[in-house]
Each structure stands twice: as structure tokens, then as C-alpha cells.
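Across the two complexes that follow, chain A remains constant while its partner is chain B and subsequently chain C.
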Partner chain A sequence: MIKGLNIKESAQGGLIASTYMGYSLVFWIFPFVWLLILTFSDWQFIGTPSFSGLDNFFNVIQDPLFWKSMKNVFRFLMYYLPMVIFASLFFALGLKKIKYGKSFIALSFLLANVSSGVAYSIVFSKLFSDTGPINDFMNSVFGFTIPWFTNPDFAMFSIAIVITWKFVGYYGLIFYSGLVSIPKEIYDAAELDQTGPVKRLFKITLPLMNAQIIMVVVLAITVAFGIFTEPYLITGGGPLESTTTPMVVMYEAAFQRMEPSWAATMSIFVAIISFGLIWLLRKLFEKNIEIV
Partner chain B sequence: MKLSKVKVTIAGLFSLALVAGCGSEKEENASLKMWVAPNAAQEVFWTSVINEWNAIPGNKPVEFTTIPATGSSEEAVMSALASGTEPDITTNIFSGFAAQLHGLNQIVDFSKLEGYSELIDKRQMDNIMTSWDYDGAKPVIPIYVNPVMYWWRTDILKENGFDKIPTSYDEIYALSEKFTIPNKQYAVQVAAGKNWWDRWFDFVTFYYAQSDGMQYVENNQAAYDNEAGLEVLGFIDHMFANKWANYDFGANDPLTTGELIGAVRGPWDISRYEQQHPEILKTIKLGPIPTKDGVSDKKTATFADSKGLVLFKSSDMQDDAWKFINWVYSNPKFDLEWIKATSQPPARGDLTSNPIFSDYYKNNPLAKGFAEYVDVAIPSASTSETVAVQRSMTQMLERIIFTDSEVKSSADKSVQEVNKILGK
Partner chain C sequence: MKKMSLSSIAIHAVMLLLALSWLYPYIWMVLSSLKDTADIYSTGLFEGPFSFDNYIFLFDGSERVERPFLRTLFNSFFISISVTLSVTISSAFIGYALAKMKFRGQGLFKNFLIIQMVFPAFMFIIPQFLLIREFNLINTYSALIIPFLMSGWGIFMVSQSFKGTPNDYIHAAKLDHANMWKILVHVMMPLNKSILAIVALFTFTGVWDNFLWPLIVMQEVEKMPLSVLLANFSKSYGVYVGPVLAGSVVQTLPIVVLFIAFRKYFLQGMSLSLK
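Moving on to the complex of A and B:
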């Protein structure tokens, strides 16, 4: 009787799990296998891929544009990480202090995260253009303008500002969840020991938010390797390819130069490098914090 | 027990779905499938034409849909070819993409079909077709040829003491010197934007004008480091070096805001201005693309934003498809309908001489101005490496604009890069 029941239960479980299995098969395993096939073959969307060994890997290794785009990701992270962490932390600390309308403010900031990339890219390119309102204002007040998107040294910084705007609400809420989970007693004890607010921030708040900070940094790294809409629409990858990202290179290789095998191989490199960076970061900075 | 019933039902539903999904689409009464550009004006045109065709007894019915929404028409077509869901005919094909499709042996060579020569003769398209030649094959029927021209704000020109439209580099320098206030207003736009496709509307356009229509990629070799190319780059360099030009006007149209007096525009802008800026449109006058020496007796060559129609080799109704295409493009009535719906000059050489169009052009002088340049408007080079070529051109311009790079060395570097890509 019990045996029969077990078989019935496991069959039901299998049936329920099969939807997820089917989903994974169609949307994850099939594309992944196809990606692997493409990296070792030559294919131009039509016909059967022909085996090309490691040619695609050698081609990607020798492609200066791809490596420039990878370098651009690190340049982006250099601007983006401090900017987004500081802004999100500031947002979270502010949110904690607010007594009324907390949800409204949090939702307002989250709106940026769900906005269409195409729409806000157009808005930002208008705002930051050489003859746009921000430069108009700067010119009339300070007597100079900033080439936000037209200076090769400045354009990636400007893209980082746009992406920071997009993610500050999302990351801020992650930080906020970390902030509220720190027991008040720890702060009370610190106060009794006459610990100043700066010391409290660096010795209590930030160390106890290690999990949230690592999570935000991991998310920020994945964002950095996946940026496409903003550079593609606002700067076109320029000036002088200073904002060309791997996604832009892959998109152009696959759909404009009709070299999907090349693009697939690039994606393997991007996956390995981004995974490696995240692994290194966690290895170096992640701590197992337990509040007991 | 209940469970097995559920299993049987699900299995049954799957089987039904499979049977339905795998059923042959190539039934006897199947209709021709056609994709058209996702553009309201073109949809209006094709609806009318296809309704007329379908109403004629004995014709194979045609069904059209817009090209599926993706990043670009090219992406949609390639995805369809990869999955075997391509239509019989698709429009909105530019010359570079046609080169790729031809290279992949996916499109029918129209010149081998009966009635092709008669159609080309009837539409006086011999000159136009020279830009659509792919190793002797003609796998595209160009639908429209949009010459780009310089639009001038005559009101601002007059305010600055210019009664005549500037056509030479020196005249533009003089106007720029007088009118420019850096980061506020500029005489002309010499760089159209930051993306690779913007090169069609600056360097390529200026190059065609300066070189009298020479190709920038010919016989799989880049050629724009020649005298004409260097003149154009020198002009752009001079404009930026004197701070008379701007690289970034944001997403606004600077011609409408008074930030610019002259810029490259196409026939598609007429209807946009009619709807959004009718007062400004009244001040607009067309001019040829500026060259070093300005206007001569000959019309100045220019770039053509031109798109065509292709027939896929996978179609099992090629004869019917060709019959339909031939029917549409043999009748100038449809060309007139096309112009009225889209304001874009159809690809035919008799636009200003054929009486059927005379009334329309009499009432639409701006459209007529564009139509007059159809025969000297040259599409993008027929290379499958359009993106790589124009990416390199972008770098060439940006080196000149943002660094101390010399015009000659920048052009040489770009040509070498492109030749390396074309030689692969």
C-alpha cells in the first residue's frame, strides 16, 4: 500500500517537474548545446554548420575590437562600481531615515530599472548632447561645457552615469534589506562605547552588510558584461570605439556581419572572463557573517 | 487511475499539436507570402496593390505582413532563413544585405527570368541597375531611390546675408565663420552621427558628390583614400578644427531648432516636416551636396538610400511571384500611388519626363527636386562587409575630429583595415 502510494507520488512529482524540465530543455539546454556546436563550426544562418575546429577561438583571440571591448568593460567597472555602490548606499541610508512615504520613494527609484532602455537612451542623449539643456545650463552658469558623449575619455563615464541611474533603486533596496537586518543592539552597544558615526559605518554597518555588498558587486559585474542598448543607441560604440562593449561586438558580428559562429565563440570568452572575475571577487571579499 | 487519464490526455494534446504543427503548408491553394517594410505609408500602398491583384481571377493570391519586429530587417530575414520560415518575397533590402544574400545563394537572379529586360526598359532603369549588379547577376528589383540632398533654411541664410545657397566648401567656410557660436549654433552638419550607418549621410554622401559618383569599394578593394576622399576629409577636418562643426546634436533635429542652417535630408523627411514643422518646411530649399568647387553644369552625384525587393530561391512559387512583381512594376499607376503614399521617388528613370507624374510633381516642388537627382543617386557599395567598412570609416572620421591624426594617414589606415577585411 505504502509502496503504491510512493510510486503515485513520485509520478505526480515527475509530472509537475516535467514542465520545468521541458522549459529548461527548450530554453536552456538546446541553446547551450547549439552554442557549443557553433563555436566549433562555420555557419552563416543557412545550411548545416561545417566543422572548423578551433578556428573561431583563434579568430577571436586575434580580434583587436573584441579585446578593446573587453578593456572597455573594465573601464566601465572602474567608473560604475564606486558610483553605483556609493549612490545605492546613500539611497538605502536615506530610505532608512525616512518615516513616511517609504514605499512610494522606493518604487519611484525602481521605475528607472523597469524603464525601456531605448526610451531613456533617447532622453539621455538629448539631455547630455553638446547643445543639450545640461550643457546649455553649464555654459550659461560656469562658462564651459562638458563633452559627455563626444570625448573618448569621457563617454564611458557618461554611460556609467546612465546605468547608475537605472540601477540605483534596485541595488539601494538590496542594501536597505541588509541595513534593516542589522540588530539595533549592536549600535546601542557601540554608542555606549562612544563610537563615532564614521567608525560605526566602517566597523559595523559595512562589515555586517558584506553579503549585500558582494551581491550588488556580482550583479554590477554581470550588468557590465551585458551592456548593449546604451552604447549602441547613445554613442554607437564611439568615439574611437571607447564605448564599444562585447555585446555590441557580438550583435554586429552575428546579425550585421552574418558571423554567428564568431559571435557564439565571443560569448564563451565573455562567460569565462565574467565568471572568473566573480569567482575571484567572492574568493577575496566574501565573508560568512552570522548575527547571533 | 486518474493520473493515467491525465497522462493520456496530455499525450493526446501533444500529438494533436504536433500533427497540426507539422502539417504541410504547401497546399495547392497556398498563397504567396510577402514581407514589406514596417512603415504605415508602405502598408497602405501594398494593401491597395495586393487587393487589386487578388481581385483578378486566376492570380495566385498574395498575402503580406510587415517584416517581423526585431533589431533590423536583416536580422529578421536571416532568422527566418535559418528556421526555414522565410516568405516568397521580401522588400526593404539594401544593397549590402543583397550582396550577403546573393553570396549565400539565397535569392533569385531576376535577369534570367522572362520579361526582365522589357521591365527594365519600360521603367528606364538601366542606369539605376548598374548599382545593383552582383557579379553580373541582378537579384534585386530596386523599389525606391531616395537621393539625399542638402536642405537649407533660407530664412536664416537671408538673415545672415546669403541670398544664394552655398555649394562649395569655401562658401560654407564663409557662412560658418559668420554664423557659428560654439555649442549653440552651426552653419552645417558635416558629421551625421556616431553610428556606422550615419556614414551614409556624411562621408559617403560627400565622397560621391566630390568624386562624381565613384564607388568607395570596387572590385573588393577600398578606394576612398583617393583625391576625392582626401578633399572630403580635409573639408571635415577644417570644419572641426575651426570649431565650425559639432559631432553631437543629441536626438533633436537641429534644422528645426535653428541650431543649423543646412543639413543632409531625404525625401522621407518631407512628410515628417509637413506633419510636425509645416512652417519650417516653407523656408526649406534644396541644394546639391557641397563639393570643393561648388555647382557645375552637371548634376552633383549623391548617395541614395535605396531599397529593393528580392525573391527567395526557396520559394516553390517563383513563377507566380515573378508574375506578381512584373505586374506591379509594369504599371506606372502604382508608382504614382507609391509616391503619393510615401513621398519617396520610385526607382525609375522617367520620373520627371513621364506625364503620369507631372501633376504630382507640379504640386510638390520639394519632391520634384529629389526626383531630379534619382539618376545621379548611388546606393551603398555592393559589399557584404558594409558594417565593417563603415565602422572603419567612423574611426577614420573620429581620428580626424578627436585626435591630431593627419587626413592622409587616417584615410590610409582605414583603407588598409578595410582591404584586410575584404581580402579574407
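Moving on to the complex of A and C:
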């Protein structure tokens, strides 16, 4: 009786799981195989793909646009990582000290994280425009304006500001969860040893938050390689291709220049570089910390 | 009430100020959308005159420039709600099978879900586009819905939560001759309400906000989601700042309302992903 039930249940469970496997076969495994075929063939959306060996790989490597977009990702990270980590830490440390209006403050920051990409891109492009309120304010206080999105030296920095605005709430929440898990006794002991607040931060708090910091860096790198909506809408990749991200390059290559096999090959490169970067960072900075 | 120290007051003030500056883009967006385009850059934040003219233009007059905003708003709701229902229900069933039933290849199935989550989405955009084109689904609602009907992430999240529900509940229900459907609806779903809410909310906001995919597969204005029409309107009529900002408010509002109404689940979901 029990055994019969088990066989019936196993069949039922397998049947339910196989619906997802069937769905994934069509919408995940099949595209994955197509991706591999595309990278080894020359094809422009019509006819049958002809085998082209490693040509696409060489074409991608030799394309200055590919390198430009990679350089842009790293330029973005150079601005974004310090900005977002500092701001999120500040937010988390501040939030821990707050007694009143804690949820209002947390929600104000998190609201940015759930906003719609198209909408906030439009809003920021107007806010930071040459005659916009930010520059208006700059002009009246400091007497000059900043060409946020129209100067090739500033545009990527400005995009980093927008994305920092979006993620501080979320990353701050991650830091906050690390912060509250540090036992109070450690700080009490440090106080007995007369450790100053700055030393406490760098010798106790930050090292004990290694796991959270690594996590935020990994998330930030993932974000950096996937940016599309902001440059596409705010700067269109310009000025002087200073904000063309890999996603923008791949989108334009596949759907405007009609070179899907080139773009598919580039997506593999981008994936490998982002994984490599994450692996390297974990290898270098991840520590296993146990609080005894 | 204990008196607050001076430094505590300072921290409260700084944090409040920062929170307000984080809200500033929203505040500016809403207030400017109520102003005439000519006044937006020339008046102070709270200076009027305010009116709903931009919204009236958006929903009533934009047909003339072939931008049917009202229609695309409904498209966005239709697409997001369809996907959300499908993902939530399928995740509940498949998550239940993964967590509480035994079948051959179960370990493999779970590993497959994890592998899927590791691969970045951008690798699949081009081949998925080719697939949709092969099915002749370009410029149809199906192109915007079918590729998102099931979610490995949703299944994974639900199964993790279902595992925590003691088997005794299921055995008791089975003694009462409850079938799987009844167990799910009357036992598992009520006991795991928050994970289902989290999957539903994050799926809805994800689809609502999706821009790249609909940009690629949908050229027909009548079937676009609001995000694409708004981007397209902003690109060609960017100088009409008032209506463009009103469109941004409409695009943002549903997510903000959901976020405020279900903030508890959003917070839970965000902290769940920390593990």
C-alpha cells in the first residue's frame, strides 16, 4: 500500500518537474546551443549559418569597439565601487545609530532600488541637463555648471552617480545585516582597551564584515557588466563613445548592424571576463572569518 | 523619554536630509509633471501653477502623435500580471515537487536550477530572439510573455521555503484524502504566504521594468509595454519635458504603490537574497 503510493508520487513529482525541464529545453538549452553555433559561424539573420571557425573570436578581439566597451566597464567600476561602497557603509552605520524614523529612512533609500529604469533614466537626464535644477543650483552656489552627461570625461561618472543612487539602499541593507551580527562584546572590549572610533572601524567592523563587502563587490561587478537602459536612454553611448557599455555594443551589433554572430561571440567574452574578475576578487580578498 | 545626545540629534538630522535627497528625484519628477513645460526649469520646486494638463495630453491627446499611452499602460498590466500569475503558480507546484516529493533525478534538477541562475541573462538575448523569430512571434504579446512563464529562481525560492514546513501537515492532509492540489491550496500556500508574495512581487516589478527585451521583439506601438513607448517618446519628443515626466510618473507609480503596500515582503525578499 505504502509502496504503491510512493511509486505514484514519484511519477507525479517527476511529471511536474519535467514540465519545467521541457520549458527550459525550449527557452534555455536550445538558445544556449544556438549561442554556441552562432559563435562558430558567419550569419546575418538569413539563410543557413556557414561554419567560420574561430573567425568571430578574432573579429571581436580586433574590434576597437569591444575594447572601448571593456575599458568603459572598468572606468565605470573605478567610479562606482568606491562611491557605492562608501555611501552604503555610511548608510548602514547611520541606520544603526538611528532611533526615530528608522523605517522611513530605510524605505526612502530602498525606493530607489525598485524604481523603473526607463523612468529614472529620463528623470536624471532632465535633472542633470545643462539647464536643469542641479546645474542651476551649482551655478548659484559655486558660480559654474558641470556638463554631467555631455562631456566625455564626466558622462560615465554621472552614470555611476545614477546607479549609486539606485543601489545604496540595497547594498546598505546587506552591510546593515553584517553590522548587527557583530557581537557587542567585541566593542566593549575595544573600549576597555581605549581603541578610538576610527581604529574600531578599520580594525574591527570592516574586517568582520568581509563577507558582506565581498558580496556587495560581486553584485556591483555583475551590475556593471549588464548596464544598458541608463546609457541607452541618457547618453546613447556617447559622447565620443565614453559610455558605450558592452550591452549597448552587443545590442547595436546584433540588431542595428545585423551581426548576431559577432554579438553572440562578444557575449561569451563578456561573461568570461566578468566571471574571471569576480573569481580573482574572491581569491584575493575573501577571508573565512569566525567569531568565537 | 530620555534626552537625546547632541551627536545623536546630528546623526538623525544628517540621515533625514540624506533620505530626502534620495527621494528628491521622485519629488522633482512628480511636481514637475504637474507644471507647464516652460515653467519646469524656470520655477522653484514648490512654485506653481500646477495642473494635470500633461496627464490629459498623455492619455487624451497623445493619439495624435501616435503614442497611445493609455493602451500601452494596459499592455504593461496585462503582460506583467500574466507572467506573475504563471510564475507564481508554476513555482508553487514545481517547488512543492522539489521540496516534498521524491522523484528520479531530483538532485540533478536542483543543480540545473542553480546552474541556470549562474549564467548571465545577456548571453541568452540574441538566441532567444532567434527562437521567437523562428516561432513567428515577433510583434505579438506572446513574445513578451512566453519566454518568462516559468522561473528557475522562483522554483528555487519556493522550494527552499516549502522545505521548512513540517511533513506532519502534509501527512495529516493525506489522511484526509487530500490530493496534491488541495494540499497546495489549503496547507502549503497559506503556510508559505510570504515567499509566494515575494516571488510574485519581484516577478511583477521585474517584468514591468523590463526594457531591453520588449525593445527588441516589439515594434508595434499598439502592443508595446509602457516602458518602451515612454523611452521612444522621450527620444523623439524629449523637449516636451512635461508630458515625458508625466509618463515617467505613470511608469513608476504602480511599482511604488506595490512597494509601499507590501514593504514587509520586499524587505524580506531582499534579505532572503543575502543568504
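Please note the rule applied: the second predicted complex is superposed on the first by the 258 of 292 C-alpha atoms of A that agree within 3 Å, B and C clash if a C-alpha of one lies under 4 Å from a C-alpha of the other, contacts with A are read in each partner's own complex, and residues count from 1 in each chain.
Here is the rule we use: a residue touches a chain if its C-beta (ideal position, glycine included) is under 8 Å from a C-beta of that chain, and two chains touch if they have at least 3 such contacts.
What you are looking at is a predicted structure, and each value in this text was computed from that prediction instead of being measured.
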Now for A:130: first (chain B), second (chain C), both, or neither, which partner does it touch?
first
Contacts for A:58 in the overlay, against chain B (first) and chain C (second): which applies, first, second, both or neither?
neither
Tell me the contact category for A:122 with respect to chain B and chain C: first, second, both or neither.
both
Could you say whether A:74 touches chain B, chain C, both of them, or neither, answering first, second, both or neither?
neither
Partner chain in contact with A:202 - chain B first, chain C second, else both or neither
neither
Let me test your reading of the model: by the given contact rule, A:86 touches which partner, first (chain B), second (chain C), both or neither?
neither
Figure out whether A:8 sits in contact with chain B (first) or chain C (second), or with both, or with neither.
first
First (chain B), second (chain C), both or neither touched by A:285:
neither
Touched chain A residues, chain B compared with chain C
C
Considering only touches as defined above, state whether A:255 meets chain B (first), chain C (second), both or neither.
both
On chain A, which stretch or stretches are contacted by chain B in one complex as well as by chain C in the other?
11-12, 122, 126-127, 131-132, 251, 255
Chain C - residues contacting chain A, complex:
4, 8, 11-12, 14-16, 18-20, 22-23, 25-26, 28-29, 32, 40-41, 45, 90, 93-94, 96-98, 101-106, 109, 112, 116, 119-131, 146-147, 149-150, 152, 155, 180, 205, 208-209, 211-212, 216, 227-228, 230-231, 234-235, 241, 244-245, 247-249, 251-252, 255-256, 259-260, 263, 266-267, 270-271, 274
In the complex, chain A touches chain C at residues 6, 9-14, 16-17, 19-21, 23-24, 26-28, 30-32, 34-35, 38, 91, 94-95, 97-101, 104-105, 107-120, 122-124, 126-127, 131-133, 136, 165, 168-170, 173-174, 177, 215, 222, 225-226, 228-229, 232-233, 246-247, 250-251, 254-255, 260, 263-264, 267-268, 270-271, 274
Okay, in this complex, where on chain A does chain B touch?
8, 11-12, 15, 44-46, 122, 125-132, 135, 139, 145, 147, 149-152, 235-241, 251-252, 255-258
Where on chain B is chain A touching in the complex?
3, 6-7, 71-72, 74-75, 78-79, 81-82, 100, 104, 106, 183-184, 193-196, 198, 246-252, 254, 259, 384-388, 391, 394-395, 398-399, 401-403
